[in-house]
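Chain IDs A, B, C and D follow the sequence of writing; residue 1 opens each chain.
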């Protein structure tokens, strides 16, 4: 038996390829699907079928793309008006060489969610692996809030049933293969450990220790962020997203060409790290560090404008472009050839954004300087410890909540280490705030320096 | 938590690297240990400790090598006079960031065998993974015959206790990480599936379904091959093997230099595939296809002579050399630069070895031509189906059993597909048999062609 | 200044990319043109123009492909009805950053042939490099026979003028960048050294030492092979060849699928080396070793049938496919997944082709066995030394000249080392010759073994 | 014939490997010499000899290292007390397959300098290539000032003779292969074009247009920088440098370990780009961007202290370490694991260095703010155009000339683009200057912005 987990960083999205005796299936492929084609070829396998666990909402599904590339049939769960692929029935079975895969309807995260149970007939009848999509994660369960608060309770109830009645009975020994790992926006407390089994989850997943009543209460009170791009993903994944095909890489633009594209309305994303963005950057750009693209581009980017990239290094272009088109941002118009150095060497303007160390921040606060400390972490994080006088606005909501941050005094933006603070600072600069700081190291450095942390909540 | 299984092909040997919060441990490293160093570095981890599950007998342990490279301490089980590392006590615990590893003494395969149980304290107290070495495999258990038939029953009894009293109680959900995968000589029926858990094994591992009495009977009757190089491995792994360090790659030799090295006593291994060996080869060489090196070199090679390699392609040199030094064969004197073409272009002699298709073999048998059909597979394989008139001598024993194969008529050598048959044929040619065939495709092709198969055993 | 020669192996075709201050031009690109795109990007260059030295006849020009990829304009010489690109005028100049490129009309090899002279204005006015296409090679000059014997003299006269009046006067110091290197079919005695200058050629190129009269005589008597695929190349390169775009790699086929494709008329090319082909091969296949594809596929393959590949290793697929589509063979239907082993393991028939060492050949000849010795090298090579009794038919003509080789006795095929002999042998086998040998090592081994060589010509 | 130029970036050092018929020689190898070993192997060549053009002073010669790796003999020019290798006689010849290499004594740059002339006997007697070491470059000739001003005239005279009497007569067509390309400190005006010939140099190398008298005057007046590390190189290259062998890569250190090493006296080099260094850096570090290491590390680093690295990315470690050990800095103690983010996340102090745009600099100057504009380019560059009020101190001399830059007002450091300015700024910060700016884009941006440039010299 061949098995490989293919992880898309940033999204913490897991897809899987499983094979036996020359045949393979892929579960929840991503859009840049050559990785499956190559993995299959290298291992002497032919991809026969593609299974989706549900209509994913956080990335563009790669099923259609992979279907075109290898001609394998796509399968989904029941209840949606899919415009591609084949709808499964609960209990439907498929052979893959020695393996047998059973499709199990497990609504909850969404109504059409499926779980796939795998048996290795060469060894016996035990369920060896369970592909649970967004129903069950390591230390967490799926969200039930995406169809709105009015549906949350109904879905939570369905999820409870699905997990306890349909998934856990597959056996403690079954290895759990969830749709996401730690860091995903699809679950707030997913472990950073990828290896688990139903038995381990039954024993120690905190949400599985709850009674049904507690579970429903927990899920209906749960507050998770929903980036606006999810809407586009749901549409794409229902209708079948546009094909990527063979897309020429976005060109390197001269500073002049880059500036002209900006003038035509393109949006600049600066993918460098926060200290580099402080060092020098182009006025008007969003600062989204490379590893933050999957999680944060979807908060600030719309689908109508072209995107321009500033990169630390040209070799990162492919990574940046992939991370964008996995979210459906297919219109990357180019990148700044020669990097930020090329820009300022051309005599073009660069904008100031002063870095601030936590020591300097502390000194400013001690001196009672006029200063807004803006903490752009999530509410949960803020509640677990923050600087006493800080104002909390989640970075994803900042652009819509600028009225909360006064413009008439300097703003020191912080988060956990300074990455999201960089994005926050760039949003303020775009909005014309006259004096903005990025607190490098942010709360991590603040704590490490031994400065006081408040847990008082508002 | 970081986890990666590092597999050494051919040996089907599994080693593991596990990490958390910047720290890592390695379990059962192989001798070419840069893979651990690089994996650790790439993931921001520092290797702190090295654990051995037992004194391995089928490969040179890499603990000393890795210890020198990264300065991590080596740990072993109790009861042997180890000349390096630290001896563990049953129940000893180690922290690795958020992880906790407990050493459990599980004698049986050998007296000092250890199992390591891993808990992820960030999630709870359940055993998440079990590193069982050669005690428990997927669908199989460890050998108990290596210390001789007189010890087999005692060890089998210990193994039964270790598995049932110490390992299985760690919980059905615990993921099993064994010392070998399918294809290893350390267990005859290991599954080709690498993913399993204690629960799956408890449910369907055939040997775990036996009563203690049945288990003891099964283990004492079991017949497994023990290649002669095991003796050297046991010595090395007790005393600490010689360090590899930075070894210059063996040089490409001209045909003339190669012939001179042969004249000085070096042994030639031709690592090409059987049809290529049939096409042209050097008289006196052993035919051991590249993927067969780990399992078969140890049957025919001693430690006193230098080794010369014939390669399909120079880019395979590194792979061949690694596979040899993993078995302690450190004296590779060079390879035939320019390949077999260079040899015959120099006007040097090439030896005949006719390929024989199963169709031609069938025709010869039907015509009742004088012909020995020599089947060099293992006895078990032969028992499961063979050509009626065939003589069975396991390829590993052939060189010592030549008296069984008459020299006065042609010999058609076969195995399952023709690889081991190639080695068998080369042994006969070295021994001066005048007419030898390699039956390409061997029993696989014979069956595929629909020819009769006998299961009558002797 | 940036300069790189990009060589297509087998064709010994040279293309060039030159750049300065962010701009680049490409001369004579090949069809798989990503190499130029990547080279340009890696060096911060934008490809602005594409220059062709002439309508190439031995490969599919990549100008149109590269034009589509990067939007650069294509330029050709005058006098042909080009269906794409822009026609140059003699003396036209182009700037590339600090560089200046002058187009010089140098008819001879063909009527529209151009030479490009490069000056580095940052240093001075001397011609630094000369891109001479197929007018002038290292130690050789271009062919003048491709438009038929009736045109040869006129073209030779033009070539003499072009070289002596237009190219050599550019200065002894000018570095020569020709369209082909050693091994090309576009010149019979091109040196295997790629580095030269006009001064070196003037001093020691043997053809440049001739008087005009001698030159004309030499060129009109010259006998070079013209593979039939040249016709298709000329058509493609005049009209603009079909675009490759993003072509999915041909799939690995199971032995059964492969056999079915053969039944539907696909032609099998076995790209393995001759000894491997002897070891086992599929009946009906052409043996063209991988490095021989560019030079020999065009002799036996037509454009109407699909091609199937047998590979030594799957990793060679891309190389094989590229070498075919560079000749316009775009219909590779697949390759034999699992290799020849997979074929014979399936119980499918393999065909015999016995290898013959030169020692055995000598013995057969000494014993006066019935045997045709068929030497498939070119006439020139044969004239320089052959086995006394051998019959010479060039491998490219063999399929059309089978009447010259008797079928009623064994045929031992040889060439210089056994590669072309493999193709020759496969042609005989396809034609039903009952007993064929490939003389491994061929004349090289024969000479190395000290056997007698005749230089008597017919 | 095989030929490859192997270039060491930053040093702009050229080494060469040449081969024919299985044999190869290497000219002026660098210390990390695996590149020659691999190139030779990949092309079926055996390195037989190593030739040095002279005792190099700008990098550690790799001859001894390569000698140990492949066993090839090392050859030098006459007149020095070499402690390794064999001394050549003028006119000594060597065969390399079809090639013939003649050693020609060409003193001037140094007394023992050699030029090697290559003939391809397969083609004729013309000199095909000339390996001129540091005698003759493209557009420039070698330095004659390294043995002190009192020797300069004598050496210049010798160089004139060597070039005009011994090198140029080898023929206009001979391709020039010099020891350095553009950007080297071994010649002030070497072209960035690598391709040339003796004929091109004769025609347009400006120094070759001079009469002997003009030449001597030019060479004795010439002012070139001589970094202090040259002394160590000369010693190493005379005596034979220490062997690198297999050196474990420097470890990634935690911020705490890094700080401890600093406390023990290790010197920090921050290899990131200037804007990044402005964004955040460790107090006390030298800012030498990665591509500047070869040219600038030797100005500020001694040989007695260990080196610590700050990297933009861990993948650059190998490049940085190589660039250091090519200059003999073998004591790299580690790099900052986790990068600068790890440092400030640990709550450790970061130092301020404000970036300054040319627009802001202009505004400050227009406002007549108190400010020293410190231009750290070479005197030649400064003479060709500078900001009116600027003070010129070459970056290499800055640490020894701090008295020239007042401490009591802010200093804005600039160079051509901001790289050397970064190093200059870091030197000032180390020396305790209270307020320092790096002018990003420096003179390039200043000119691009259209601001006034003065060419008045002092």
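We adopt the following convention: a residue touches a chain if its C-beta (ideal position, glycine included) is under 8 Å from a C-beta of that chain, and two chains touch if they have at least 3 such contacts.
Only a predicted model underlies this, so the values are computations on that prediction, with no experimental measurement involved.
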Return the chain pair with more inter-chain C-beta contacts, choosing between A-C and C-D.
C-D
Could you tell me which chain lies farthest from subunit B when each chain's centre is the average position of its Cα atoms?
D
Measure off the straight-line distance from the CA centroid of subunit C to the CA centroid of subunit D, and report it in whole Å.
42
So, what's the distance in Å between the C-alpha centres of subunit C and subunit A?
51
For subunit D, give me the residues that contact two or more of the other chains.
none
Can you name the residues of subunit B that touch subunit D in the complex?
22, 41, 44, 46, 69, 245-246, 248, 252, 254, 314, 337-338
What residues on subunit B touch subunit A, complex-wise?
1, 3, 120, 122-126, 128-129, 138-139, 171-175, 191-204
Interface residues, subunit A side, partner subunit D - complex
273-280, 312-313, 340-341, 344-347, 349-350, 354-355, 357-359, 417-418, 440-441, 444-450
